[in-house]
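See the structures that follow.
Presented sequentially are two complexes of subunit A, the first with subunit B as partner and the second with subunit C.
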Partner chain A sequence: MEIKDEIIIAKDFSDHVGARYKREGPFSGELFLETILLPKFEKAVQGGYVLFVDLDKGFGYPSSFVSGSFGKLSLEKGADLILKHIKLKSDDNPLRIDKIIDEIKDPTGVDL
Partner chain B sequence: MNLKRILIFSAPALFLGVVVGYLCALWPLEIDTEVNILDLLDLLFTIGIALMIPVFVNRLLENRKVIKTILVDELKALLSTYQKIKNILRDTQFKGEITKLDKDHIQICLEEADLQIIAFEEQLTIAFPAKVLEIVKDLKLKSKIYYKFVTGGDLMSEHFLSVDSHFNFQHNVEYTKIDISLKTLIQKLYNF
Partner chain C sequence: MGNGDQFLLGVSDLIVLVFETMVQINRTQKKIRRFFSQVRYAEKRRTLKWKLRKKSKKETARRVKFQREYNAKLPPVTLIAPKNFSLVENANAVLKYFSDAEKKLKFGQVVFLDISKVTRMTPDTVALMAASINSKEFHHASNVTGNAPEALAPNALFIESGFYDHVITPGFFTIGAENMMHRGMDTKVLGTVVKKASIIGTEHVFGNAKPLDPLYNTLVECMSNTHSHADLTGLGKCNWWLFVYSDPKEKITSYTFIDLGVGIFESAVVKGPVQKFMKKTPFFDNMILADELLAGRLKSRSKKDTALRGKGIPQINEDANNTIFRSFYILANDVKIDLKTKKKERLQYPLNGTLLHWELQNV
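Let's turn to the complex of A and B:
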């Protein structure tokens, strides 16, 4: 599948992401999911293309943010569909990708 | 090699040659012309190997020691990064408040830890490729559990304003787990 859209989190959302829920402060995972990730992901699924997500240039991604965004998306849409339509990139720290993929595959954290 | 070194190494050899030549002139050696040239070459080859093996083995052992030291240093740096997080949490408990700056610092330390794990993995891949999968998989798992404990709960919430003794106690339990696993890994490395 072709990449037709992208999210550069540091530019499109924040380079300083927050916690899990909106009530916990600014730039939460929940806000990212609702305003950027979910709409773009749904368009990618409908359009049959891949959404490219750039994780670089940020301060890093707390587990609560990852859980509130990618984890929640996985619970709603299923890991296979997400992994089919989202491609993650991080040259700064490739382990960020591993952590997010682990969260997508196991959003409830039971495998840990 | 400079001239001084050349002189230091070649002077004793020259002296030895002169002495051997003088002794041979005094007591001429009877050379057995019946000896097969292949036997002579075989003898020289065997002597050569006997001299080279200790040199090679020693160099190999020395190289392994240096590589292990580099790998152990990487793990010690990782331990020290996790120690920084422990210190931040301990200090904030005593201060009675945790600021946004403290939380950023914790996040930066976790990123630094990731980069140290990547560096360790890269060096281990070069030095001991057969061990990489088993060791790094376990290290990444332990590190992920710790990361999830530290940043997966309420800590990153803006309403989390102080670290209490309960949180610090729980943190110390998780910290100890990763601390022990890293120290055990250092022991394992020494036994490779």
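Let's turn to the complex of A and C:
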């Protein structure tokens, strides 16, 4: 599948993301999911293309943020569909990709 | 309109009428219940037992107020701090010191915290001191005064820490350029503060402002835990403090995150009826919960997204193994955990809250 859309988290959302819920503070995983990730992901599924997610330039991706965005999306849509339509990139720290993929594959697990 | 329609209209009217009657009956029942409850309460207030208890409570409150006012006029009680005034190195002595001060303050006595003879002091203690002095659970609206260490190294740490920005002082002290003491008054997870704190550390230790995931993630999880678990009465009710201190002699930056909430172990929800019962008794051992906590097996109090949650502390535990951290401690309630060695220690004097302290190094 072709890449037709992208999210550069540091530019489109924030380079200093927060925790899980909106009530916990700014730039939460919940806010990211609702305003950026979910709408773009749904368009990618409908359009049959891949959404490119760039994780570089961010200061970090805490577990609660990842779980509140990618984990929640995985619970709602299923891991296979997400992995089919999302491609992750992180030249700064490739471990970020592993972390998010692990979260998508097993959103309820805590093994790190 | 045919007969059938009239019949249907009649049935729907009847349903509405029955519904309205039921609502009316319900309201009347409530009014009757309220009336009888008021009557019972009025009767109770007329009993001798009630009057005596009220009088006794009033008398106790008056006596306590008088005692506090009397104590407040007495000369300050001087409490001499232990020479090794380091919470992570000398936890029991330091916690005893703060516990003794709190007991005096509770009875309205003015306390003078004499730390002049301290020869060893670490940033975690400065953070604890700032957080405590600004906590009403510690000062109980009584006055706390104090001095600074005389010895050179602890004096520099104390003066440059930013401690004086959070207390009333006649002097003028400037926070060191590579230090930061932040009080999270709004109790939220603040990415801007985390970013600034991360940059202070990476610039001092590594000489650049590059992102450092374990550091950034740990700080966010600390704030998130405080927001969600530090106060059992609701979310986001507990203040947190973050103290970042860059050692001028070494390429080490230490981070101390503290909230004086209920503490991780007090807020933990245990599994199984026996443990739940035991937790309410004084015989319950928080040391048992330490491993459960680190493994993410403790349940969250929140009913929302329970399946997804519980990853913050396991992430901190995992990141603590990273060589960029020279040391990593969690102190909460009566437990101290060295996350580097996984060694747990029972504290004789509890910390009413949660403190995380770690040192960033370049290896």
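Criterion: the second predicted complex is superposed on the first by the 109 of 112 C-alpha atoms of A that agree within 3 Å, B and C clash if a C-alpha of one lies under 4 Å from a C-alpha of the other, contacts with A are read in each partner's own complex, and residues count from 1 in each chain.
By definition in this document, a contact is a pair of C-beta atoms (placed from the backbone, for glycine too) under 8 Å apart; a residue touches a chain by one contact, two chains touch by 3 or more.
No experiment lies behind these values; they were computed from the predicted model shown.
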Practice problem: Examine A:107 and indicate which partner it touches, taking first as subunit B and second as subunit C; both and neither are also allowed. | Solution: second
Quiz item: More residues of subunit A are touched by which partner: subunit B or subunit C?
Solution: C
Quiz item: Is A:98 touching the first partner subunit B, the second partner subunit C, both, or neither of them?
Solution: first
Quiz item: What is the contact status of A:15 with respect to subunit B (first) and subunit C (second): first, second, both, or neither?
Solution: second
Self-check item: subunit B versus subunit C as contact partner of A:60, first or second or both or neither
Solution: both
Practice problem: Mind working out whether A:27 is in touch with subunit B, subunit C, both or neither, as first, second, both or neither? | Solution: second
Quiz item: Does the superposition put A:68 against subunit B (first), subunit C (second), both, or neither?
Solution: second
Practice problem: Go through subunit A and flag every residue that touches subunit B in one model and subunit C in the other. | Solution: 16, 18-20, 24-26, 59-60, 62-65, 67, 93, 95-96, 112
Exercise. State the interface residues of subunit C toward subunit A in the complex, per the touch definition above.
Key: 188-192, 194-195, 198, 210-217, 220-221, 223-224, 227-228, 235-236, 295-297, 305, 307-312, 314-315, 318
Exercise. Can you check the complex and tell me which residues of subunit B touch subunit A?
Key: 104, 107-108, 110-111, 114-115, 117-118, 140-141, 144-145, 147-148, 150-159
Self-check item: subunit A residues within the subunit C interface of the complex
Solution: 14-20, 23-28, 57-65, 67-68, 71-72, 75, 92-93, 95-96, 107-108, 110, 112
Exercise. Flag every residue of subunit A that touches subunit B in the complex, lowest number first.
Key: 16, 18-21, 24-26, 59-60, 62-65, 67, 93-96, 98-99, 102, 109, 112
